[in-house]
Structures are given as C-alpha cells and as structure tokens.
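Each of the next two complexes has chain A plus one other chain: chain B in the first, chain C in the second.
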Partner chain A sequence: MSAVRAEDLRKHYRIRSGRGGDRVVHAVDGVSFEVPAGRTLAIIGESGCGKSTIARMLVRLTEPTGGRILVHGRDGVDRRAIQLVSQNPWSALNRRKSIRHALEQPLAVHGLHPGRAARAARVRELLGLVGLDEAYLDRRPGGVSGGELQRVTVARALAVEPKVLVLDEPTASLDVSVKALLVNLLLDLKQRLGLSYVLITHEIDIARHLADDVAVMYLGRFVETGEAERVFDAPRHPYTRALLAAVPAPGREPAEPLPGEVPSAVAPPPGCRFHTRCPLALDACARAVPALEPVADGRLLACLRADEPPSPR
Partner chain B sequence: MVMTRVLPGARAARRRPRLPRMSALTWIGLVLLLLFLLLAVAGPIIAGDSTVRTGDTLAAPGAGHLFGTDHLQRDLFARTAEGARVSLLVAVAGVGFGLVVAVPAGLVAGYYGGRWPDDVIMRILEALQALPLFVFALFVIGVTGTGDSEIGPVTLTSTAKVVLLLGVGFIPYFARVTRSATLVEVQEDYVNALRVIGVPRWRVVGGEILVNVLPPVLVQAFLWVGVAVFAESALSFLGLGIQPPQPSLGNILGDATGYMLLGAWWYSIIPGLVILAATIGFNLVGDGLGDALDADARR
Partner chain C sequence: MAAAPETTVPETTVPDSTGPDTTGPEAAGAGAPAPGGSPLLSVRDLAVAFRTRDGEVPAVREVSFDLARGEILGLVGESGSGKSTMLTALMRMLPRNAAITSGRVSFDGVELTALRENGMRRLRGDRIGLIPQRPMTSLSPATPVGRQLRWHLDGLDEDGRLRELLAGVGLGAVLDRLDGYPFEFSGGQLQRLLIAVAALGKRPDLLLADEPTTTLDATVQAQVLRLLLELRDRMGLAMVFVTHDLGVISQVSDRIGVMYAGRLVEIAPAGALFDAPRHPYTRALLEAIPGRRRRGEPLKAIPGTVAGANRLPGCPFAPRCAAVVDRCHEENPEVREVGESLVRCHRAEEDR
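Let's look at the complex of A and B:
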C-alpha cells in the first residue's frame, strides 16, 4: 500500500471581484500521484505553481475542491498519520512559548505517553532524534538559531509518530551551511523511522539529495514525473529542461531564463499550459491539452512533442 | 568537551536586574501615578472616616486639615482619599469588565478575519461605538434612576451601574485592539502548525494566540484606566455616577462648584488636581509601557 495517494486533486479558489462575477484561481488542477512507503517524492516548480497548495491539502489545512487524498489507504482526517514541516521555523513556533511546551503539546493533545515522567522522557527522546540536547527545553524560539529551530519543528512533527512528513520548503529560510545538516538529518530520520516524505521545494539541489521520485509542476499541473535520477539526468519536458538548466553549476553558466512570465492561474492558457513560453511549441500545443502519459523508463510526460528527440542545444 | 557554547546559566547571570531605561515623561507619569495610588490606597487608612463632622466649616488647608474641610465640616483629605479609592476601583472594574467581554470578541473576530463571525461582531461593536458614552449614560440613568435598581434578583447599586456603563463604552475600543493584534498573529505559521498537530481551534486561540495578543491589549487597557477615572468623575460631577454620601472625585468637585466664589479654592482645586494627576499618570506610564513593548518586539 502506498503511503500517500492523491487522485485527481483539484483546488480552485473563488475570488470576489466587483463586476463580471467571481473569478476562479486554478491553483491545483487535476494532479495525481503516489508515494510508496519509505520513499520521497519531490514536487518542484516555480513559486506560485500550486506546490504549497498541495502541501496544505495533504495535511488537511485546505479542503480540496475535487479529488481525494488517501494516507495509508485511508480517506478521513488523521492528524497523526501525516505531519507538516513548514518553511519558516521562527514563525512555526510560538515565540512566547518554550520549546518544551512545543514538544509536549502534541503528546498532550493526543494523550500519548501519559504521566509527567513518561512525557518528559519522550520529549528528551524527540530532542535526541533531531540531535539537540536538553539545554534547549526551557528556551524560547527567540534565542535559538534557525537551523536548530527547524530541528525543533521536525521533532514536534515526529511527536505524534506520523508515517508521512510533508516538507514544505524545509530549507528555504536556512543558511547554506545549515541546509546540508538538515538534509542529512532528514535522510537519517527517514531510514530510522521508516518515514515517507513529500518534499515541496524550488531548490533543485535539495530535491536531488532527498528525492527518490520527482514531479515537476507548472501552473497547477504536473508536466513530468519519474524517478529522480532519471528526470534530473535526462529531463524530457521542455519546462523541466529549462528549470534544471537555470540552476548554476560549476563549469556551466546558467541558461537563458524562459521568456515571459508565468501566466495567471485565473485564466490559464488553453491547450498545454506551458505553450506560451515553450521553445518547442507548435500551433497544436495551443489547442490540445497533453495528457500525462507513460513514456520509456517508467516516466510520465505531458508533452505533445514527447516522441521527438530532444532539440540540439 | 568543547566549552565554546554559552551555557544557559552564564547567560542568565549576565542579565542583572537594573532600572529600566525610561523617558523623562514616563518618569513624570510614574511619579504622578504613584502619588495617586498612594492617596487612593493608603489615604483612606490614614484619614479614617470620611463622613465625620469635624466642627470646622470650610476651613483652609492647614496642619489640622491637610486639604481643608467642606461646607458640611467634613475633612477633605479623608473625602478626597476615599473618593480617589472609589474612582480607582470603579475605573479598574470598568476596564476589567470591558476586557472580559471585548478580548474574547476581538479574538474571535480576528481569528475569522473577513468572514461572517468577524462581520457580525464588528457591526455590533460599531453600533455600540456610534452611541456617545455620555448620551448612553444619560439614557440609562434617566430610565433606571440614580439610585439602586433591581433587575430580577440582581440589585445594581449606582456604583455598579457606573462600572457597567464604563465597561460597555470601552468594549468597542478594546475589541478593536484585540482584533487587529489577532489578525496579525493569525498569519503566523504556528497557527497552522498547531492545527495540523490536532490542537483544537479554541485552544489555539485561547492558549497560543492569546498570549501574544494580550500584551498590547493590556497596555491599551492601562491607558484607558486614566480615561475611566476621568469619565467616572465626569458622570459623578453631573450627578449621574457615584451617589452621596459616598464620595468620589467627581461628586466632590460637583459639591464644590457653589463654594468657589466664597473663596474655598481648595474645595475644587485639590480634587481637580488629583483627577489630573491620575489621568496624566496613567497616560504617560501607559505610553512608556507601549514603547517598552515595541522595543521588546523589535529585539
């Protein structure tokens, strides 16, 4: 059984506008994926493409407009099965409450480890899991560094013994030196606790390190999914290629950015949503919506020109 | 073991208690406020009964009568001290009553910012705010009379009525401050994080958001204690508030108006100065508290 399964997930936001009725933002528009137990799926894409909306739906902060989410085969809201680590640890912890409070609260809410001694022991164990010592317990978030605070939020998420963690840009607000530490911690925790991750990020190198599978998202839809190594080594979709080429690497200049802006999610372009910026677009791309279809090596690709060989650069 | 990390103990030892840095205005406010509190708290104990006739009619302030006496031969120090005590209690109780109603209302409105519970609460508060406090008080006292009124089994004394009137008048202001602080706080990620963990909504609002919202609200409430002393005095001056023989700063002033021309300046000037000291004191100290809170938030 897969750890997480999303079926045709949709989220449309209705925004009130003065004249001409309401407008609808198509934040997520028909996304399906599956995360096998013990694996990590990275969802990558530019800001505003709907990644974080998927994270919010997975942890049930937002109700999907359509489709459904199964966590270990179950459909209902289960606050213990799936947990969230968000981007900004300073904001994710209450600045007037101690770290001890933050870690004891999930235990108290779910009645785990009843009794003062058992609870204190569990809190120490949680801190140990993320490599922090007891000296942090009585501190407040104000006096603790970002990397350490992010470990605290990971520990808090683990307190309810979840099977799945949704990592929403977990490293985006951390210093470069601290990012690597957190990535290693996350890899280690996954091994030790048998967790599955859904990683939402725009940082390609973080996804490369953590992900087993990757899904590339553009304007509310997946354009390419597959095993991380294959997708990163030989991207097939023109958007994936552009995204990966934009990452600077030693000995390589980052490629020219894509022309134009991401179109509005209120009125997404007809046909393939990427055709307005695609270097390979044909007339047909503006008319037909490409389905996410299997191509060789187990990948799924949504591109009308999937069968053609990659254009020479 | 590497000893580079600062131990928590060492950090605590370095933070020695010292006088907080305050502006000159805050110091002035603090002195005025302490004088007022001294009069209101210690004064009645020193001076004794405020209704005793001393035998001196309209005596000027002197060794025997620190603040002089009034037209009924009562010692004005005892009256003023007792009045200050009553005014302070009424003001604090009024503000407290306002807070008890307004903080939950503001929290709920702010938590649901822009959605229907917010709209309902804010429209009610706006309706309340549209009614000037004194017109409202005139109406209520006019209908119920200046004496005790009985509502079912509950007897409301004239003092209780003033407390309720002040509290109701303050509710919109306190609720607004609470709501705006809550609106900011709800944007923080921990509100969502706690929901994901499974913390019930009422506990997120009452246990987590409240502790961050309360400091600015309490500073605001402190400022309004000064306003409440003033408002109570004004109501009592007009005869709508605390009823004689119970003294209050306002009704002493009200009694004094007829004797100003007879040369009894102390009769009206001294209680007037006490009201002034209380109002300015609460305001300046409240401003200082607000500044300290801002500085704390920026750190």
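Let's look at the complex of A and C:
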C-alpha cells in the first residue's frame, strides 16, 4: 500500500476583484502521485508553481477544492498519520515558550503518554531522536541556533508517531555546514523509523541527494515525474532541462535564460502551460494540453514532443 | 539610501591612521585615474566592532585584500561570518552601534575611513554602487517604478536614454509598464531594475553586491548572474560579490575569499580554491555540499558551531578543525602564501 496517494488534486483560490467579478488562482491544477511506503518523493519547482500548496493540502492545513488524498489507504483527516516540517523554524515555534512545551503540546493534544513521568520520558526520547541533549528543554527558541531549532521542529513532528513527514523546504534557511547535519538526520530517521517523505524544495542538490522519486512542477501541474536518478541524470521535459541547467556549479557558465516570465496562475496559458517559454514549442503546444503519460523508462512526461529522441545535453 | 543619517565618525576611531588626509573629500568626485597597476580598492587590516551590553564584539578582524579594476571578488561564508558587515563598512553605512575600529580602505587613491560624510556621500551611488539582497524592500511600495528611477538617475527624460538603460538589463519589455508599482513586477525584474540603477545609471567603478540572487529562483538567478558578468566585460566594472552559495560564487568570481568568524581565512583564484583548497574550513565547506556525495550517503558535516569564535584567542576555527594542533588554540595564524592561495592556517603548507 502506498504511504500517500493523491488523485487529481486541485486547489483554486478565489480572489475578489472589483470589476469583472472574482478571479480564480489555479494554484494546483490536477496533480496525481503516489509515494510507496519507505520512499521519498521530491516535488521540485520554482516559487509560485504550487508545490507548497500541495504540502499544505497533504497535512490538511488547506482543504483541496478537488481530488482525494489517501494516507496509508485512508481517506479523511488523520493528523497523526502525516505531519509537516516547515521551512522556517523561528516562525514555527512559539518564541515565549520553552522547547519542552513545544514537544509536550502534541502529546497533550492527542492524549498520548498520559501522566507526567511518561510524558517527560517521551519528550526526552524525542529530543534524543534528533540528537539534542536535555539541556535544550528549558531553553526558548531565541537562544538556540537555526539548525538546532529545525531539529526541534522535526522532533515535534515525530511526537505523534506519524508514518509520513511532509518536509517543506526543510533546509532552505540553513547554512551549508548545518544543512549537511539536517540532511544526515533526515536520512537516519527515515531508516530507523521506517518513515516516508514528501520533500518540497527548490534546492535541486538537496532533492537529488534525498529523493527516490521526483516530480517536476510548473504552474500548478507536474511536467515530468520518475525515478530521481533517471530524471536528474537525463531530464526529458524542456522545463526540467532548463531548471537543472540553471543550478550553479563550479566550472560552468551561468545557464542561458528562459525567455519571458512565469505566466500568471490567474490566467494560465492555454495548451501546455510552458509553451510561452519553451525552446521546442510548436503551434500545436498552444492548443492541446499534453497529458502526463508514461515513456520508455517508466517515467511520466507531459510534452507533445516527448516521442522525439532526447537531444544531448 | 544615501540620505540615511550617518553617525560613524571613523576619524576618531582609527588608531593607526597614516598621517593627515592629503586628498580631501573634494578629490573624491574627481575620479583621478590610479597609477598604472595599482588596485582600485585596497583594504588593509580592517576591523569592525559592534557595541553591545556585553562590551565590544568584533565582527570583522584583520581583513586585507586588493581588488583590481574589472575584477570580481567573491566573498563566501556562513551567517555571522562578517561578510555583510564587511560590505556595509566599505560603504561606510554601518548601523549606529557598529564602527570601524582599525584599518584602512583605499578606493582609487582616496582613504575612505578618513573621509567626511559628505565626501562619502558623493562616492556612494556615483562611483560605488550597491545591489541589495531584497529588491522588493529596497524600493518604495507606494511609488510608481518609473518615478523611482528618476529619483536616482538624471537625464532619464532625454530621448532614448530610458530605453537604452532598460535594454541594457534585458528589460525592454517593461518600458510601457513603468507607471506600475513594485508589486506588479517579478523579483527578477526588480533586481534587474536595481542593477540598471546601480551599474548603468551612474557608471560606477565599483559595485558591491550583497547576496543579490539569494531570493531569486534558479532560472532567474542564472539570468541575473549572466547580466552581471556581461556588465563587467562591457564596462570594466569591479565587483565585490557576497554570498553563502558556493555554486553561485564559483560562477561569477575571478578570486574568492572565504570568511570565518570575521576573518578572511583564505583567498585564492576561483579555480584554485575549488581544486586545491588550503584552509581546513574551506575544505570542510566544499565537502559539506551534497553534490559531491553519492545519493543517500551521509554528508560530511562540520562538528560544533561558530558561536563565540570571534572572541577566542588563536585560530577561530580551531575548536571545529579536523587538523587542529596545540599551537592553533594559542596563536592566531599569520597570512601565508601557499600555491596560489593566501591562507591563515598554521598547517597550510603541509600536504594533507
């Protein structure tokens, strides 16, 4: 059974605008995916593509306007089965409360480990899981570094023994050396606790390191999904190629930019949403919406020109 | 920007000031060419400290480097390493509770630390441009973008001047949208507008860029980096480019300086720094990048934290260093020349 299964997930936001009636933002527009138990799916894309909206829908901070989410086969809200780790640990924790309080809260809310001694023991255990010692318990977020604080939010997410963690840009606010520590912690916890991850990130190198599978998102839709190693080694969709080429690396010139800007999600372009910026676009791309369809090596691709042999990178 | 009140009085806080200032503030705007071969910017033993309730906290210490015309120096370091403080010190725009406590900064023959505020003001914008980290918060949200461009740039109403300026940063398409407000533009567009102001409007000799692409998406970032490189080639602009992103810095820099706890621990040509890093901190940083490991393997992290390192005697990296020896805790290493690198490490010459 899959850890997470999303079917035709949609989120449309209605925004009020004076004349001409309300407008609709198509933040997520028909996205389906599956995360097999014990695996990590990375959803990558640039700001505004809808990836964080998916994260929020998965943990039901936002209700989808269409589609279904199954967590370990079950429909409906189960906050113990799936938990969120957000990007910014400073805003995720109450500045005025101790770290002990942050870790006790989920236990109290869900009625877990009743009794003072049992609860205290569980809090210490949680802290140990993320490699912090008890000295942190009485400190407040203000006196703790960003990397340690992000460990605390991971520990808090683990308090209710979830099977799935949704990691929304977990390392984006951290320094290089601290980032490495958190990546190692996530690898280790997944192994030890048999977790599944949905990793939302714009940091390609982090996705590449952690993910088993990857989904590339552009303007509310997936354009390419598949086994991470295959997609990263030989991207097929023109957008995936542009995105991966833009990752700066030593000894490489900055990539040739894509023409134009990301179109508005209020009025997404007809046909393939990438056609306005695509170097390979044909007239047909503006008319027909390409379906996400399987290609030879098991990946799914939404491109009218998918059948053509991939050009060498 | 230039209108911000300035309270730093460096004249009185520079203990080793070298005699009276002979150039005077008037020479600042004259743009006298430097003698052949001399650097555009020369920083010597610069130190900056913050006054806090717990006394003076050093933020930058013993930083020295030269920058030639048309050269791009990348400064890389983690948060708290002092790289942004360095930049604001060069602009003499430090916050009220911070001051340059020693050292010299010479820009095209003018000693900046000895310059009066009105002389400094003449340099800012005109000869030293700044690109900020967040384009959105550097513009007034309540004023049309076109009007803000006019605040900073003279002669914009002349025929074709505005068109030329915007085309220079690849923004020809927004020419008819300049009555719009900042929120109607994307982050990449705003950053390119600010680059147009800083680099093309006044044609400065030196551009200081503080994490200019950190808030941008990867594809937009590539566009801005290409633009900066092109401006350098076209106008011979020199640049100090501050970032925490090792990938970005490798793509834009001629030379790279690595900062740790307020000190410049290594400076080397970009290729040499990545191929043969000499300082243990540089090595550790490069090894912590995910790209260098196989998928799913643990990354090599740096143990410990940087906290308090700028107050320690000896080498600030000693508590976290894999190659530490007793001497490192007692004696701060002098700068050594090893290969193409200038390194502050007692063991820099050893082949490890």
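Just so we're on the same page, the second predicted complex is superposed on the first by the 310 of 313 C-alpha atoms of A that agree within 3 Å, B and C clash if a C-alpha of one lies under 4 Å from a C-alpha of the other, contacts with A are read in each partner's own complex, and residues count from 1 in each chain.
As a convention for this text, a contact is a pair of C-beta atoms (placed from the backbone, for glycine too) under 8 Å apart; a residue touches a chain by one contact, two chains touch by 3 or more.
Since the model is a prediction, treat every value here as computed from it, not as a measurement.
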Partner chain in contact with A:135 - chain B first, chain C second, else both or neither: first
A:181 touches, of chain B and chain C: first, second, both or neither? second
Which of chain B and chain C A:47 touches, first, second, both or neither: second
Touching partner for A:152 - first (chain B), second (chain C), both, neither: neither
Touching partner for A:79 - first (chain B), second (chain C), both, neither: first
Contacts of A:253 with chain B and chain C, given as first, second, both or neither: second
Which partner, chain B or chain C, touches more chain A residues: C
Partner chain(s) touched by A:243 [first = chain B, second = chain C, both, neither]: second
Footprint overlap on chain A, comparing chain B with chain C: none
Residues of chain C defined as touching chain A within the complex: 78-79, 186, 188-189, 217-223, 225-226, 229, 244-248, 250-252, 270-271, 274, 284-285, 288-291, 293, 295-296, 298-302, 305, 307
Residues on chain A engaged by chain B in the complex (per definition of touch): 59-61, 79-80, 83-84, 86-88, 91-97, 105-106, 109-110, 135, 138-139, 142, 153, 156-157, 159-160
Partner chain C, residues of chain A touching it in the complex: 46-47, 145-146, 175-181, 183-184, 187-188, 202, 204-206, 208-210, 228-229, 242-243, 245-258, 261-262
Contacting residues of chain B [partner chain A, same complex]: 7-8, 188-190, 192-200, 203, 208, 211-212, 299
